[in-house]
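Okay, so subunit A shows up in both of these, paired with subunit B first and subunit C after.
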Partner chain A sequence: MSKTVLIIGGGVAGLEASGVLSKLGYTITIVEASDRIGGKLNRWANLFPTQRPAEEVLNYLKFQLDPNTSIITNTKIDDISLGKTQVSATLSNGNCIQADAVLVSTGFEFFDARKKEEYGYKIYENVITSVDLEQIFKDGKELKTSQGKTPKRIGIIHCVGSRDEKVGNTYCSKVCCVTGVKQAIEIKERIPSCEVFNFYMDLRMFDRHFEDIYKKAQVEHHVQFIRGRLSEAFENPDGSVMIKVEDTLLGKPMKMNLDLVVLMVGFVPSSSSVFLKKGLQLETGNDGFFTPADEHYKTVCSNQKGVFFAGACTGPKTIENTITEARAAALEIATYLNQN
Partner chain B sequence: MLQEGKQALWKEYQKEIADNRYFYVRSCVRQNFFPASEATFLKIITEELGKDIYEHPSHTSCSGIGYHTDVIPFETTMTMVARQFALMTEAGYPNLVPSCITSFGLYTEVLDTWHHFPEVEARVREHLRKATGREFEKPANIAHASDIIFKLRNEIAAKAKHKLVNHITGKTLRGVEHIGCHYSKMFPQKGIGGAEYPYVLIGMIEAWGGEVVDYPERRHCCGFGFRQYLVKANRGYSVASSKKKFESMEPYKPDFILTNCPGCPYFLDRWQYAIAEMEGTTYGENGMGIPVLTYEELAGLVLGYDPWDLGLQVHQVSVEPLLDKMGISYNPSSKYVGKNGKFLGVPFKPNTLKVC
Partner chain C sequence: MPDFGYKIAKDRQIDYDENKRLIFSEVAAWEPSIYRCISCGTCAATCSAGQYTDYSLRKLILLVKRGEEQEVITNVSKCLLCGKCQLACPMGVNTRNLILGIQNAVKKTTYAV
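Moving on, here comes the complex of A and B:
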């Protein structure tokens, strides 16, 4: 009988690792809390930096899955513990699973923008998040204000829930800058006459092609980038949003009226992290993300034998890095299972 | 504006407010600015609602204004606060009720500092012992006076003689509120409704039949902002802040402004006169200003107290339009008659701002 691997989380990391492990001959069970596999890709229309449809990557991930993979959706893990060589999990559907290794690929959650109270998400009608905007794009809907008008001026606010001591998240979420640039371009492609302003602290265009789309946003689409952090937002009588922000390059505070405000929400650890940390006796950093056995050369290993990590459960990551990491985790798991 | 969003937030920011046995500490400036507010508070709490409240004749300023303007070091401030606690301990009252939001913020800050740095508390106890021979217990509960009125708002509503409704048209009266910076901006969890969408005054207005509008510059400073006003050269900032607020609230045509802090009603009231004289701009109906009230004054009006007993004649902006809407009868000829029956004199009429 082949050895078994339990994968907790059926998002990008879990699916990719599952595909590789199946090819290596292991029996895989994926437990997914939501009603479908694919994670956040299900909610995304197009991916940075190339604007390729998210569906393409999702299809690839599903396609490379082994048909014998056991996928259990709508299910949470109620109890989990480590034995000498095995991990035992009790599922919310009442079933029990024994596995020879476990991959934690629980990903991340989006920062709840309501916590940034002064920005008025879910209070001011024309304040939405990057996730809401992406859903509008995905649904193929027209971008309108809550009053049903085509917006003439949109502000994209970077670092919402990231790099912010006030909300307790001091880390950078890595991908929201480039998402902000991508979404700015997509707004301009749909409504060329709309003025788009990105308010940023600094732009983290670290990966290949990122600088290219940043340039494209400015040169081809005339997106305006203003270095400054939003202090607060208010709703005007007509439903538009007045923001207060400092332009730190000019050294001046400014007020601006916007028809729509888009908050670039960052990553926060998955809510299951606390539970898994306890059950599997794992380590997390001050930021709540899991800590790998070594930050440089054992990024997919945990402090526990037989427990591995892949993807954003150890911190914000791009899809590309998540997929690479998932493959690394699969190989690490295979090595571990061969040795045991 | 999505009310459900606000209501969800309000639920998160509840606080414990003591039921009875209050030790009241007055503001150092309110008695000059709005002389009857504190007396009205005591009257409501004792005569209307039968609570036990005590004020000690020897209590002093909390030194908050000095502290926030960097004139008094924090160590001294903490020792003065410790002395207030000692008076409270000696009087046998467990629950502190400051009348001023700066005091409220400061007491909260001092207790928070001691919570995180017990050695500082020990040092302050030693300072107080050496200076006065006094010891103290920390308050079991601290609530700003407006928190108490908020807690008792429905009891007040049950005794209401007047509602925040236009008695002729039946239209709900519309208020805007200004919370004051030190109420919850420093410690959001200590303010009803938190820092960004505080509920303490809204709860009162709603309980008394009125409606509240959220205007874009609601969070902006009233214009007091200690340094803006206390440093004479900065007073332009002060009036500019108030002006920004008036311009922002004007489109909503509020019937009144309700305030929480000693400084806010003063600046929002007096600067309406100053702006009218400087620029010829007025913000109320028919060339008048928007009436500005403290929460005690509004509670007093709702309970049917005589407007002149509430000290409303010392407001710069006439309150009569609001009284007329609420159907409150008043005697114009006794407006400037003092409590001792002596005529106080009629103030000069402003050139631009219309007054009654």
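Moving on, here comes the complex of A and C:
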């Protein structure tokens, strides 16, 4: 009988690792808390930096899954513990699972923008998040203000819930900068006459093609980038939002009215990580993300034998990095299982 | 009226809704490479005028974009049009023609002094 791997989380990392491990001859069980596999990809219309449909990557991940993979959705893990060579988990559906190795691929959650109360999310009608905007794109809906008007001026606010000690997240979420640029372009493609402003602290265009789309946003779409972090927002009687920000490159305070404000929400660790940390005795950093055995050369290994990581459970990550890491984790798991 | 020595400080806040940005619309049509500027400051660092005055092309471009036109008018004449900034600019902004465009736009607008 082939050895078994329990994969916790059926998002990008879990699905990719599952496909590779199946090809290597292992029996896989994926436990997914939500009602479907695919994770956050299900909620995204197009991916940076090329604006390809998210569905293409989702279809690839589903296609490469082995038909014999046991996928248990709508299920959480109630109890998990490490034995000498096996991990045992009790699921919320009452079943028990024994596995020879476990992959933690629990990913991340979006920062709850209500915690930045001064930005008015869920208080002001025309303040939405990057996730809400992506959902509008995904549903193919027209972008309107809550008053049903076509917005003439939209502000995109970077670093919401990232690099912010007050909300407890000191880290950079890595992908929101480029998402902000991507969404700015997508707004301009839909409503060319709309003025779009990105308010940023730094633009971290670290990866291939990122700098290109930043330039495209400025040169082709005339998106304006203003260096300054939004300090406060007020709702006008007509529903538009007055914002105050410093134009730090001019050294002057500035105010302007926006018809729609889009908050670029960052990553926070999955809520399940607290429970898994306790059950599997794993290590996390001050930021709540799991700490791998070594942050340079053992990024997919944990401090526990037989427990592995892939994807954003060890920190904010792009999809391509997650997929690469999932394959690395699969190989690491296979090596481990061969030795034991 | 006795003079108590108080006065009302001028609001230095940029009011984006009130500002007209007349110079910007002229200049963007005249020299579209203004859209390529990433506010890096290379131009201002190499600028001979900036060495002795508070002139900065990086700031001037932003003032134009925000519509702070009085400040544009007081600053644009400080440029010597030597063109060093154009050699330094990493984004290929045609800075010299851009400044000429700003100077022309200033003359055309009602703000001209």
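Going forward, the second predicted complex is superposed on the first by the 340 of 340 C-alpha atoms of A that agree within 3 Å, B and C clash if a C-alpha of one lies under 4 Å from a C-alpha of the other, contacts with A are read in each partner's own complex, and residues count from 1 in each chain.
One rule holds for everything that comes next: a residue touches a chain if its C-beta (ideal position, glycine included) is under 8 Å from a C-beta of that chain, and two chains touch if they have at least 3 such contacts.
Model, not experiment: these values are computed from the prediction.
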(request) Record, for the superposition on subunit A, whether partners subunit B and subunit C clash or fit. (result) fit
(message) Just to be sure I read the superposition right, which of the two partners does A:Glu118 touch: subunit B = first, subunit C = second, or both, or neither?
(response) first
(request) Figure out whether A:Arg36 sits in contact with subunit B (first) or subunit C (second), or with both, or with neither. (result) neither
(message) Quick one: is A:His222 in contact with subunit B, with subunit C, with both, or with neither? Answer first, second, both or neither.
(response) second
(request) Return first, second, both or neither, reflecting whether A:Lys252 touches subunit B, subunit C, both chains, or no partner chain. (result) second
(request) Determine, under the contact definition given at the top, whether A:Glu235 touches first (subunit B), second (subunit C), both, or neither. (result) first
(request) Considering only touches as defined above, state whether A:Lys278 meets subunit B (first), subunit C (second), both or neither. (result) neither
(request) Pick out the closest CA atoms of subunit B and subunit C after fitting on chain A and give their distance in Å. (result) 5
(request) Going by the contact rule at the top, pick out the subunit B residues touching subunit A in the complex. (result) 1-2, 4-6, 8-9, 194-197, 214-219, 251-252
(message) For a test of understanding, state which residues of subunit A touch subunit B in their complex under the given definition.
(response) 114, 117-118, 120-125, 232, 234-237, 242
(message) Which residues of subunit A touch subunit C once you look at their complex with the stated criterion?
(response) 215, 218-219, 222, 224-225, 227, 247, 249-250, 252-257
(request) Spell out the residues on subunit C that touch subunit A in their complex, using ranges where they run on. (result) 12-17, 32, 35-39, 58-59, 62-63, 65-66, 68, 91
